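Read through the structures below before going on.
Here come two complexes built around chain A, the first alongside chain B, the second alongside chain C.
== the complex of A and B ==
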């Protein structure tokens, strides 16, 4: 079994190398390699993961390690129930996406590099979910980030694709510093970089846990780093399904779930507050956005916040099951959206859609199931997972065992309001895409079979996934509760869904069948972006220009001999008299370092 | 037998250089061919020597007590292998790219001469020997920049070459004064016999090495020299000559410094400012080779920060980051040179959507860029990660809070590094309009670059390869 695990890790990377090598030599072979490689990965994933479900003991393997460092860095895997379900999610969705992409990108000249990156991504995600060594996890974590960057900018001729890719990479990488320092501190305090050691350690994890929260805020696009995910939508739609909905962005939730014992009340409170703000803000954006893919992206941000909220109130298994459920129905929704976008000629704005239910019957059926699950309609999987989470929120308000009372109330209220908003925006998107007037000029055709089959395959867990909630321990072993199904909660939530749906339909009807929430401008840009631009991006660029001028004029002056001291002094004098902001900033950087040294040396 | 192996490792490139020059008189092409074969032989020889792993110690100049003391251990071995490999890659690159002004066999010979000096400096355990070999490596580089540099700007390349020489020789002068002071204090030029020196001596040697590394604010010779040199010259400068400085810090500076003195925090702070300053300078560059040149200032900052932590992990980080920088920046300069060959410009705004125009070349540049910004899983990551770690947990005699602050600033430098590489890729590799498509990568370019590509991945996934030998060789470096 040990070597099968290693093989599972290496296979996607090998597939990537072979796909890249085959490149443009043989178009057909590349498609075969990409789909065949991911099918093989899927097969191995079942072999590795299925025996680990339920009551099985986790399997830990160490392949190699370097003892030249203290603590050692090792190539080690740990496959438990959580890893197993994540392995299955990642390999299933990535296989379906590879299959779907054959149709979606059938005449795209950049297909070989695309397929290569998807394979590398799959390998990276598997690395993250199987890693026992934190450095190994970090390698996978950031490789996913770079694959995401390249795939968002797949259409690099589009300005928004270039901008979105850079934004996604820089925002996540900045947050990743949290993970880097968390790993360094954990290694220092426990004497080991192994996750299995950290979670049983009694060391002080207060600071590392806060740093881990920073890292997942970036990766899972939570407030205040939430705006990169909607901007990542210019990437090909299958990528949005795989990376920006089902797997990579959910890796933040996975990381918290994996390292759960490390988190104390402080870090969970921070997580609760962040999640509450995020789920509300992004659900609101989802309601007033015109672009179908951006609606789904905001909804992803909101649902990820739901998972974090669940973790913050101690509902570990509900969070994990919602992650899986969301992975299935959101991948379904994105692939369905891709099918719609494909049908209407590549446009993603919902103004180009409407009345498509008869022309795209398969897409309509499957997306209806997906939207239903997102809204929490009984008996779809989203209904069960959301109920379990809200029930846990209610429990926490009653008993506040994990976080304090105010935070628990905040989480519960945010969850209820978000649940209502979710029903509203799901219904709105569904109505705008599939109902209303049809554009008569539109040449619409249903997608090819390679695109429709994945939709139906994803609809299966979306419809039947609720069965897991009857006895989660069958999947998650002893960490799964006996039952996550609560009758009274189910009735209350179904009433909520019905009332909100009725309200939406009433508003819609009284607005003469037009969308009451269409934004006045085509797209709203979150105000945080402006803040980052003014506070961070522009000063940095100004500072950079100042450095270049400084390097040419001032530092050069001392190289050129005679005038050195005079000019250097002149610069200082000029600075004192009318120095610009940029030069002050550089002085501040140098000064900060100097003060740090002086403080250290003199005391 | 071991003595022969080591001595001839220094002598062999020198002999090959002479032969290349002689043969080149008759026919430039066969001269370069000989250079390729010769440098391959030296590469093989260096592998054999590393496997033997011994040292030579004989009296050389008795009156001054200068020893011919060469040491090949876990610290020098990676640098030696990097040197022989990169020189081989440069020789292969010369086969196809004849400089406009001709004389490529002479250029090949000069590179081999530099190799000889660099190998000698990496092996030397005697301070005078280190100094001499250092100079042997510098002088040919002046010719390389001055004669084969940027053909469009003769005045600029002369200026760059002169400034390079003036600065580095000035650095050497400070360094040798420091070495002589050490000789007075401890009675020997043999660094393995020295334990500690006065603050003045340590400062002089440190400043001398800081010029060569280079460390902010004495880095200003670097951007011009790297940008004006011919492609192979830039590669050798970045991959090898800068490493003389960083290696000097490890081998000839650490044994001199007192961890209780203020010198380590000061150097660490200069290194950290250099990380931020270099990254900011890159963020506003408009020329590809200048951008890569400035990126070296930042990367060398990480190396010196690691060294200044005065820990074994710091030295491991410094060697790792040095080797990784050699591979990755070599690759970056090769790619930048290939782009300049094809388009006659390195101006970022004149190069448009190279992903579409020359996809494979653009792909290599993108790969080297993400490697250089420290992506985990590629070689650049471990050096910088370990440097940050070393600064976070420095030697116990050092001011802990200072180093924590510096390590956090350095970590944000990583983000700035990502920012300027992404900016460069966004301007030159992506975009709505394409530059004119040109011939994509040639087989000889693949041959010259593939060792660097492969090692960048290999050292990214197997850090133990390089960490272990360094750890084993640490005796005597730190007090």
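== the complex of A and C ==
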């Protein structure tokens, strides 16, 4: 088993190397290698992860460790229930994304490097979820940042793709410093970099926990570093599915869930406040955004905030299950959005769409399921996970065991308002894409089979995933003892969904079937970006200009002065070279005599 | 014979040689100055060889070596002087300034 785990870690990277080597030599082989490699990874993932579900004891393996350093850094894996479900999520979604990309990027000249990066991305995520050593986790964590940079800038001829990639990299990288310092502090305080040691340690983790919160704020796009995720949308759509559903942003939630015993009331309160602000703000943006992919991106930010809110109120298993549920339906939604975008010729704005339900029947069916799960429609998986989280929020307001009462109220209110907004923006996007007037000039065609099959495969867990919530211990073992399904909550939430949906439909109808929330401009720029512009970008530009001027005026004049003085001295020496050999010799003789005299005087 | 006799002779010869090299304008006379300096050194070598009673006679050996070098040197130098005379029509050393840095002054 130990070596199978190691093989699972190495396989995606091997696939990446082989794919890159095949490159442009053989296009067909590249597709086969990329899909075959990820299928093999998926098979190994089942072998490693399935035995760990339920009541199984976690499996920890140490492969090698440094012997010159204290505390030791080790190559160690720890596969428990949480790792197992994350391994399954990451490998399933990345396999489906590879399969889907064959159709989506069928004549893209950059397909080989794309497939390579997807494999590395998968491998990094598997490294993060299986790592027992914090440094190993950091390696996977940073590799994901790099891969997302390259994949977002896949269409690097587009200015917004380059800008989005740089923004994503800078924002996540800034927050990653939090993880680095947290790791150093944990190592210093516990004498070990192993996660399994840290979570049972009694050391003071107040500062490391706050730093970990900073790290996940960046990686999972929470306020105030939330604006990179929507700007990452110029990347290919399957990549958005991968980043939003199974890797990258999910890693932040995973990290908090994995290190959960480390977090104390202070850091969880910070997490609760951040999550509350994020879920509200991003749900509002989702409601007034014109671009289909950006709507989904804002909804991801909002749903991730849900998971953090659940963790902040102590609902560990609800958060993890919402992460899985969100992974399924958000991958479905993004791949469906990719199918729509593919069908309408690469445009992502919803103004280019409308009335597509008859032209794209398969995409319509599956995306309806996905939007339903996002909105929380019974009996789809999103309904169960969201209810479990809101129920946990209600419990926290009553008993406030983890955070204090004000924070608990804030979280609960934010969750309820966000739930209503989620229904509204899901319904709005669904109506705008699939209903309403059809653009008669549009040549619409349904996507190829490689793109439709993943949609149906993802629809299965989205529909049936709710069964897990009846008895979560089947998946999460002893940490998921309690049933997460509550009858009264289900009735209240269904009523909320129905009322909001009716309200949206009424507003829609009274607006003559046009979108009442269409923004006046094509794309709204979030005001936070303006704040960043004024507070960070412009001062930095001014500073850079000042540095340039200083370099040109001060540093350069020193350099030029040094050159000029050397030249002047050289000119003096050139005067001596007058061509008279006898004068040269005279200098030599005088010099030799002077040295002889000096030697005589000094000794 | 005391050591300082040959050393004095060598010093005088060397000084005359230096004067010849530095002060004479005729290239042949400059070369003669060089020869005087070389032979002053030879006298030193032989004098010290005798003074230390060196069983290997390295001083004498080195003196012979210097004589050979001097012969080769003078052969080469006279050839150069000949070429200078053919190209310039004179062998005045202080007139030969082609290698000066002409850009200065």
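One rule holds in what follows: the second predicted complex is superposed on the first by the 547 of 603 C-alpha atoms of A that agree within 3 Å, B and C clash if a C-alpha of one lies under 4 Å from a C-alpha of the other, contacts with A are read in each partner's own complex, and residues count from 1 in each chain.
Keep in mind that, in the parts below, a contact is a pair of C-beta atoms (placed from the backbone, for glycine too) under 8 Å apart; a residue touches a chain by one contact, two chains touch by 3 or more.
All of these numbers come straight from a predicted model, not from anything done at the bench.
In the superposed model, A:349 makes contact with neither chain B nor chain C.
Residue contacts after overlaying the shared chain place A:139 against chain B, while chain C stays out of touching range. Greater residue coverage of chain A by touch, when chain B is weighed against chain C, goes to B. Applying the stated contact rule after C-alpha superposition, one finds that A:192 touches neither chain B nor chain C. Residue contacts after overlaying the shared chain place A:174 against chain B, while chain C stays out of touching range. Residues common to the contacts of chain A with chain B and with chain C across the two structures: 586, 589. By the touch criterion stated above, chain A contacts chain C in their complex at residues 571, 574-575, 577-582, 585-586, 589. Against chain A, the residues of chain B that register as touching in their complex are 163, 167, 217, 220-221, 223, 262, 265-266, 268-269, 272-273, 276-277, 280-285, 313, 316, 353, 355, 363, 366, 370, 375-377, 381, 385, 388-389, 392-393, 398-403, 405-406, 408-409, 411-412, 414-416, 418-419, 422-423, 426, 429-432, 461, 463-464, 467-468, 470-472.
The touching residues of chain A, counted against chain B in their complex, run 64-69, 73, 113, 135, 138-139, 141-143, 146, 149-150, 153, 156-159, 162, 165-166, 169-170, 173-174, 177, 180-181, 184, 188, 540-541, 543-545, 547-548, 551, 555-556, 559, 586, 589-590, 592-594, 596-597, 599-601, 603. Chain C makes touch with chain A in their complex at residues 18, 21-23, 30, 93-94, 96-101, 103-105.
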